[in-house]
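After this come two complexes, each holding chain A, first together with chain B and then together with chain C.
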Partner chain A sequence: MTNRLLRPKKSMFVAFLLPGLLLYSFIVAVPIFNAIRFSFYQWSGGPKKTFIGLENFIDLFKDEIFWLAFRNNVIITALCVLGQIGVAFILSSLLVSRFLKFKEFHRTVTFFPVILAPVVVGFVWTLIYNNRAGLLNWALRAMNMEGLIRPWLDDPGIILYTISVPLIWQYIGFYMIILMSAFMSIPKEIFEVAEIDGATGIRKAVYITLPLIRDTLFVTIMLCISGNMKIFDHIYAMTRGGPGNSSIVMAMYAYRNSFEMYKLGYGNAISIGILVLSLALILVTRKVMGGRSVED
Partner chain B sequence: MKRGLLKFLCLMVVLALAFGAVGCSGQQDKAQNDTQDKEVGSQPSNSGNDSQKGSDEEKKDEKIKITFHHQVLRKNVGKDGQSTAHFAAYDKFLEENPNIEIEEEAVHHDTYHTKIQTLSAANELPDVFMVKGSWFSNFHKNGLISPIDDLMDANPEWKNGFKKGSLDASIIDGKVYGAPQQMAVTHIIFYNEDILKECGIDEFPKTMKEFEDAVVRIREKGYIPFTMGNKGKWLAESCYLSALGDRYTGTEWMMDIINRTGKARFTDPEFVSALEEMQKLAKMGAFNSDLNSLDNDQQRSLYYNKEAAMFVEGVWAISRTVADAPEDVLKATKLTVFPAVEGGKGDPNTTSGGSGWFFSVNSNIQPGAKRDAIGKLLEAITGDYFAKLFIENNGFPAYTPKEYDESKLADLTKQAHELFSTLKYTPIYDARLDASVIEVMNSGLQELLIDAISPQELAERIQAEYEKAGE
Partner chain C sequence: MRIKAVLSKAGKILANVIVALFSISCIYPMIWMIYSSLKTRREFSRDIISLPAHPHFDNYINAIKTSNMIKYMGNSLYNAVISVVLVILIGFVIAYFLSRYKFKGRNLIYTYFMFGMLVPIHALLVPIFVQFKALNLYDKPYTLLFPYVAFGLPLSIFLIESYIGTIPREMEEAAFIDGSSIIRTMFTIILPMCAPVISTVAILTFFHNWNEFPFALILINEESLRTIPIGLTYFSDQYSTDYTAKMAAIVLATAPVILVYILFYKNIIKGMTAGAVKG
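Take a look at the complex of A and B:
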């Protein structure tokens, strides 16, 4: 700040920040502190609460279903990072290349699912997966691949993959837009020079595009992880965590404990568990990705 | 520098998203006031200004205000029997009692669940509200509801009119905590007589052995024996296991479980046999392969298409079947219950039945004019007049009306009344057991039916949760 005259007073800064801060603290900070407080109680939803210290967390640590849910979350996250960002990377490479026609159209169509409500997507895919009338089994039948026909949402062995497909499908467009904007910011000259040097499609992508959009890629991966650690709606609409507990995720387990089993204290403890595990996962990823960027 | 800033921003975005997930669980205190259709059922006020005197006699002329929350919607009048009968009885009550003013709030079933939970957590429950059978022990523990024995004893005719077993779920320590409108039977086998005959089964099996043979025969003919839609998870437990379990364990065992006498455990061989039978049926191919991804409305469509010979559901499916089934299917539809089990401790002439929802009174209502008025209100919306209208609208009231016009009933409804008159009721699992135990049982049954878990293992899981819930 060179010009002190134009710089507003400190009180002005505070005044302008205040509404945002207040809003943030009411919808984010206060509920989190409440959740931490309630997680120390045995609470069934009525006015009576019993303080039980860390017992909820001890239970949580030993709770097999919670760790199963965490494992499912991690698998879904891994599938989505690969699927969403991977496919988005390929698509956005195509969209900025010179070879593709009707770019506007492709961009709109790919982005379209992002604006749909997750529950709608869940229901649509439930219909696609339907054993009798579903589009998927119909297509398989039409292609004479009857051996592959199965009730897609009923087999615990494949359920995590089946429910990941709609998740990946829905958010490809979102990451595609972010990556495309990163691609556009790469100066054209670099590609031209590379082409003169004889670099072709894949080489260009690996040696030029990837290093130059690393920061953006980093953002998308973080968004993808945090988004997938809290997924709920799609799975609730498709399987409710079933069959049994085979497609349960942490957020659904918290919901189930709080609102179906009336263990609100324990439900809050699970939420805190989600918070801690998500933060840990993100910090680890940050460390891994950040470590590489120090080299250059 | 710029990169550092970007990193910081990334982290902030990520943190905000991660925190967002946690925020979800803490929002019970956010009342859901947006989706109610609020209506105030007050009479034109004509209370004069002459109420300065404070004697008891004059108090009667003062308006008594009652707050009343429930989930019967006025917009469903004429569409479903319960709403039609409820509002006819309710409006009549208001007309006859101009000194009682009722502040009524009715919200949709799913929203009601959240609303009552929010109000109970804040200890701001209304004077009269609807309570689900499985909530009673929790509400009782938290001191939110008061027994209504005094109100019932004041009106013995009303009290004695309730069908046997209909009040059971609301009784804690011998005291009645709620008055129900509907008597729900959760287990009825709907079968297509024509398909069974085609498979060479002229009479519905009388024993479990014959029943299993019938399943095999129906399967051989290419029909699905039972169409099941267990996506909601409650169907296998509420409609199948509640009745089948009783055939094996007997009602006494269940009462020991409910009352936590310590004499019964879920790992007892009788209960495990019931689970084994469920799994055996599934392994025999009694159900459709996508049973865990269809819901209960979808299960019926397989029956309507004549792809399936039978389905199991409760009374609510009767009016749906009457409305939706093709004529030939409806004509061939007969009702029955599970056959006898060899060596089982239960009475074969039973089905799982009871009331699911009750009108309860807030614990802060002291004896007095207001409490008496509430008694009158409960009598009006559950008693004789209501029950008569309800039964004539193809409903199954918890109260036996003195008389009603039978010609107004659909054939299938008449058949159901005939069937029920020969049966006794046993407890519905999800109306009587702790919600957490039910959740474990429901999820486990999904796995049991696809052979992902053994009956013994499931029994142990249920028992573990049962012990935890009893602490």
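Take a look at the complex of A and C:
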């Protein structure tokens, strides 16, 4: 009874829901449609727009730099899935164990990089990698390993690895917290029984923990993939895609085309490319990981 | 048996050491920035790792004098704070209706907002730029509020909606019997009860928008409207080899975030991971 009386008028629903919905649509939904529309034009931002049909997409398909950028995105994503989730898995299994001291401190401190601005992380690591003033080369010299010193951010051969390290470093704490809460939800009895059966350390982690936190692991991998398909800030701060095009990623390429070369039509086509490829990668991963579950 | 005990002891120590080393690697770079920024340029180039012999703030004074750092920080603060207030207000109202009432399109609206957590923002930069240009919303003091509020809404609605679900409906029924209108009940009874989740949303939104880079890069051109991440990139280009100056600027740009983190780290860790698992 009261529930019906409490129910506000229809006009009130509209008045309260509409402003948020409109704003949100303007920023999130409308741009997707606009990107599709603009991608059919040749346009440098001025009043003159020329309809060219699918030409931008044909160009995109043949554009080697775009595919290089996609390839770089995929490599960086793979490195980050291994690095972030792998290290986070090891650290969090250590952190939930009985013998680890200062747990609260470790948790708080490893999460600290997560809250930093990606641009700041980029600059901090540019300084760490710096040839003369960097921490990395200082450490190598201190350990008498001068031979390993390299132009960290100027060597196209290693650039994808060197720019992945800050990305991995920044977000380990994030995945660690998620995995830790999954670990703690596993009933203690399971481990006790396993210990009686003689499972220890690594075996416990691989045969018991891993299968039990599968769902969480799945979520973290998805987050990791979608997070790394859109990396931009770090790269902008560290290399802007260079040297040459060796560290270019898709978002960077869209930025360059649209805002440095003023090819807005093509930039929109790249945006559609990013949307489709990110979505495809996520679907494929989902399929692959889902496929495995049918086997077991 | 004794050997085994020693080994397991050694393993425990080793595990502690590994975790401790990693923890240090997470904060040392920032600590290094902070104390190195108190050195002179010459002192730093002589020894990059030592503590400052005579700490001084010249690098900070220079950074503030030669660039508009303070202005940029003010702009970031303005954008972050206003968007926090709007994200909470709009998010709360929508979350309230979605949580309390069944109506046509309710699930559709909820899913629509949650979809925003999946969209790769960077794929939308170019079309958003075009829209803003066309509607004359580009390069204005309020420009950045649009994307900041819109992209803050999904998480805000998700967290507040599930929190309101835990508040018993009897609250509103009692208020109704006492003659309180819906709007009044909503803002004077339910809103204050949501304080814990609202503080989480506020902190997350603040962080996100203080740190935000790509929108500020493409939607703002005017120097006096730049936010701190953009100011930092210009500063860094300008002082590419003056490392201590650069460090001072980085510390300045990060100080508010570090402060908020120290004050609320428990809330922050909980909130950020809660939102993520859903997304």
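Quick note on the criterion: the second predicted complex is superposed on the first by the 270 of 296 C-alpha atoms of A that agree within 3 Å, B and C clash if a C-alpha of one lies under 4 Å from a C-alpha of the other, contacts with A are read in each partner's own complex, and residues count from 1 in each chain.
Heads up, the rule we're going with is that a residue touches a chain if its C-beta (ideal position, glycine included) is under 8 Å from a C-beta of that chain, and two chains touch if they have at least 3 such contacts.
All figures in this text were calculated on a predicted structure; none of them were measured in a lab.
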| item | value |
| --- | --- |
| Contacts of A:P151 with chain B and chain C, given as first, second, both or neither | first |
| Chain B versus chain C as contact partner of A:E192, first or second or both or neither | neither |
| First (chain B), second (chain C), both or neither touched by A:V119 | second |
| Contacts of A:G242 with chain B and chain C, given as first, second, both or neither | first |
| Partner chain(s) touched by A:R256 [first = chain B, second = chain C, both, neither] | first |
| Partner chain(s) touched by A:I128 [first = chain B, second = chain C, both, neither] | second |
| Residues of chain A touched, compared between chain B and chain C (which is higher) | C |
| Partner chain in contact with A:G46 - chain B first, chain C second, else both or neither | first |
| Which superposed partner A:I177 touches (first chain B, second chain C, both, neither) | second |
| Doubly contacted chain A residues - partners chain C and chain B | 27-28, 31-32, 34-35, 38, 45, 130, 132, 219, 223, 226, 229-230, 232, 251, 254-255, 258-259, 264, 267-268, 270-272, 274-275, 278 |
| Touch list for chain C against partner chain A, complex | 11-12, 15-16, 18-20, 22-27, 29-30, 32-33, 44-45, 48-49, 90-91, 93-94, 96-97, 101, 103, 109, 112-113, 115-116, 118-131, 133, 146-147, 149-151, 153, 169, 172-173, 176-177, 182, 207, 210-211, 213-214, 217-218, 229, 232-233, 236, 243, 246-247, 250, 253-254, 257, 261, 265, 268-269, 272-273, 276-277, 279 |
| Residues of chain B touching chain A in the complex | 3, 6-7, 10-11, 13-29, 113-114, 117, 120-123, 138-139, 141-144, 231-233, 288-293, 302, 435-436, 439, 443-444, 446-447, 450, 452-453 |
| List of chain A residues in touch with chain B within their complex | 27-28, 31-32, 34-35, 38, 44-48, 126, 129-132, 150-156, 215, 218-219, 222-223, 225-227, 229-230, 232, 239-246, 251, 254-256, 258-264, 267-268, 270-272, 274-275, 278-279, 282, 286, 290, 293 |
| Residues of chain A that touch chain C when the two form their complex | 2-3, 5-8, 12-13, 16-17, 19-21, 23-24, 26-32, 34-35, 38, 45, 87, 91, 94-95, 97, 99-102, 105-120, 123-125, 127-128, 130, 132-135, 138, 169, 172-174, 177-178, 181, 201, 216, 219, 223, 226, 229-230, 232-233, 236-237, 250-251, 254-255, 258-259, 264, 267-268, 270-272, 274-275, 278 |
